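Per-chain numbering from 1; labels A, B and C assigned in written order.
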């Protein structure tokens, strides 16, 4: 499938900030299920974009901008994907799968998540893949997609307690639950080409990869309740949202900030 | 030097200087208020002490009336008053502590010692009388100790210059505010009741800046309001006059500009005020309005503070 | 079991290192010690040496009790110890380089991978990244205890931001002022050159892109940190700027500090702030004491952090038990300093042994420090034992256990007069691009309570000056 993406993020400041520093994880990499036909990342200010690779092999761009009343970052390009039944192969792996059992503040399983995971996967015990599919359905059904009560700092436990959240929260809950039953799991940020043909989206997408011995990494999309397909364009991967966030930044000065995201994902 | 270090040094000195000024104002106030009503007139000296300290509005959110007890409590001990003597020493010490590496041992000993003594002091015993006098004397001696150890032990580099800038900017502000509150007693054309009142008010102004003796040395004359104003505003020999303060402010800003090979808005502002004070005659100031002159000075002094902060401290 | 006393042998004779001191103590008038102790306390207060104890309301600014009787080692004893320390720190550095590199030790099956991967102190962000001069631990504090005339055990490796060196130096200064006559009679090796050696070490590790006169700074979390006094003390003695996160900024992968003369490039950061607060763009996003972009400058090789990021994985108490094997693996040598035998409660057999022998053992949290969350079996109440038994059963991975060591004792001036008290020692090891430096001395901590084995200042411990001298 051809997925064409245009992702623009614009900050508007009420006063010109002294300094803005950002790390962008907006550049996808090739793997067996995905080929990058073309891609570019731009910032609308005279900054030096330094490209690097983070701990998990994600491509990062770091820059510092001084002054100015607005700042726009653009990621744009085209990705060719094909369906691999959710399997993710040919990625650059820096760590053994066990690393992805690490707990992070955002993905710490509290007793509610732990017992949820344990109960729901009990029947499928011994069959990891099956356990994960049960978990996928359980998280998707058990949680309501709702952007209001959560933000980027909401933890898995908090979201699970409300049974609400966005793709980020559902992914965190899935990850926490999987790890609590001993299955390595990780967070993926990327883009999803919608089946209903809607092109304009409010934000990028997030899903999960979990490790199944014998099979390798398998992608699960708890927000959509499906395995990862060729409609998913994978950009960055880490232990949680913080490690894979498309944009992480800090700012000195600048007063109030207004953020606008313009995202088009289409054929 | 780190900008933050310069900022801490500058504020450390400002707070010590502020504490000392408060102590002098309170001493003068105590003296005035102790006079028989015939001499003291109708003014509430404690009220004007609060005004001179620049905290009239905040004072009345805590106390209803300005009496010796409430004013001493608020200006000396209160935690609610960010510029109480107690808070001045606390803030001076915490600014100093943040830059201990930039201070000499003697300076730190003086700052730290003052705070340790003051920290646990029971305020109840010293709200009036002899104890109050002794306490205010202690405050002045602590300030002298900090100042003296700075003068005698510090290297003459930017560390010293920033701390001195704080002293003189604060001192200029304090002298100006004393004048601002008391300017009316210095105006010759206003009709007042009772000759004695004026004399004691003028002498109180002089005492508030420790200039009683200096006055007689300089003018060899009995107290005349315009001479009091001349001494406090234009006489460069008087260490607390506006002219003397700006002489020093200019000197230290010039030192910084020379050392860093760069000058900026703060040098420009300081020079123009120094020139203005150097060229002014007291008669002209009275002619064009003493009050206007002082208000203008306070504004310029604040702008200079902001310029220094912008240029060096952030 | 009687502990080894460093001054007096079992037969009452005095060990040679202490002979002059014992003689001096014998002849000194009784009031003199009391008087000097008061004087010492006054000096410490004046100097402002303070520390904060967590969990106390009036936590700010307490002073650590100082014992005026020095702890003494001979030059010969010291030399043996330093060889062991140097070896230990070399192994720590080799281990970290490997863990963040090829991970040969995991492949060889010597350390279980989950102890690394699931260790909170392991920083995935450092994997595959090189650090200047391949040095991770430039400043180490290795806690050792002594059990007899010849044997030292390593109790704990401190490879993150070990503190206490200011006490070593201030203790000496105070002792020289209080007891000039003792220093006149004994040739005590000086410790005051520690900061010179530290500066030489820090300068030696500057990145290649730095100028020949690199700018070194000391980074503190701020004046409310419990070790702030030490930070400012060291910056002062080193003659370098004491910076907070907000004094630094990163532009185009270069670190600068804000100065009154404008931005100035920084090459080496001796940071006394924990990994997770260093850079809000990489670690905790809510850190306000870090520097955004610092890690990108670090990875670009434009700044050296001392110690490196992620060294905590080497001083973890769970890793500790593997140290002898780790050392053999990298250096091909036998460890000179012993490791305290350690039961890893994560191993079922060890756990059942520990549960059976709880009243004899010391149990520690794997990720704890400062003597918190620790059980000293022989001194514990029934209730404490039961509490720990439950904790162990619930979370065996979180604990290790060790036999109760008979820590050596030293004469200490306490309420009842001069009496033996248990001590440990934290020597400081500096590891630069140009070699290892160890100052003769260290921080001796003493458990002031009779019979107590817990020397941590947060738990009622004090400190002593440590003398290394020829006899």
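Here is the rule we use: a residue touches a chain if its C-beta (ideal position, glycine included) is under 8 Å from a C-beta of that chain, and two chains touch if they have at least 3 such contacts.
Per UniProt, the chains are A = Transglutaminase; C = Circularly permuted ATP-grasp type 2 domain-containing protein.
It should be emphasised that the depicted structure is a prediction, and the values quoted were computed from it without experimental measurement.
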| item | value |
| --- | --- |
| Chains in simultaneous contact with chain A (Transglutaminase) and chain B | C |
| Most central chain, Cα average position | C |
| Centroid comparison with chain C (C-alpha atoms), farthest chain | B |
| Distance between chain centroids, defined by C-alpha means - chain A (Transglutaminase), chain B (Å) | 59 |
| Centre-to-centre distance between chain C and chain B (centres being mean Cα positions), rounded to whole Å | 48 |
| Computed distance of Cα centres, chain C from chain A (Transglutaminase), in Å | 40 |
| Multi-partner residues of chain A (Transglutaminase) (each touching 2 or more other chains) | none |
| In the complex, chain C residues that touch chain A (Transglutaminase) | 113-114, 117-118, 123-128, 249-253, 280-282, 285, 292-293, 296, 299-300 |
| In the complex, chain C residues that touch chain B | 45-46, 48, 223, 232, 235-236, 241-244, 246-247, 257-261 |
| Chain C-touching residues of chain B, taken from the complex the two chains share | 1-6, 94, 97-101, 108-109, 112-113, 116, 158, 162, 256, 260, 262, 312-314 |
| Residue ranges of chain A (Transglutaminase) in contact with chain C within the complex | 19, 21-23, 48, 50, 52, 54-56, 62, 64, 66, 94-96, 98-99, 101-103, 153, 239, 242, 248-250, 252 |
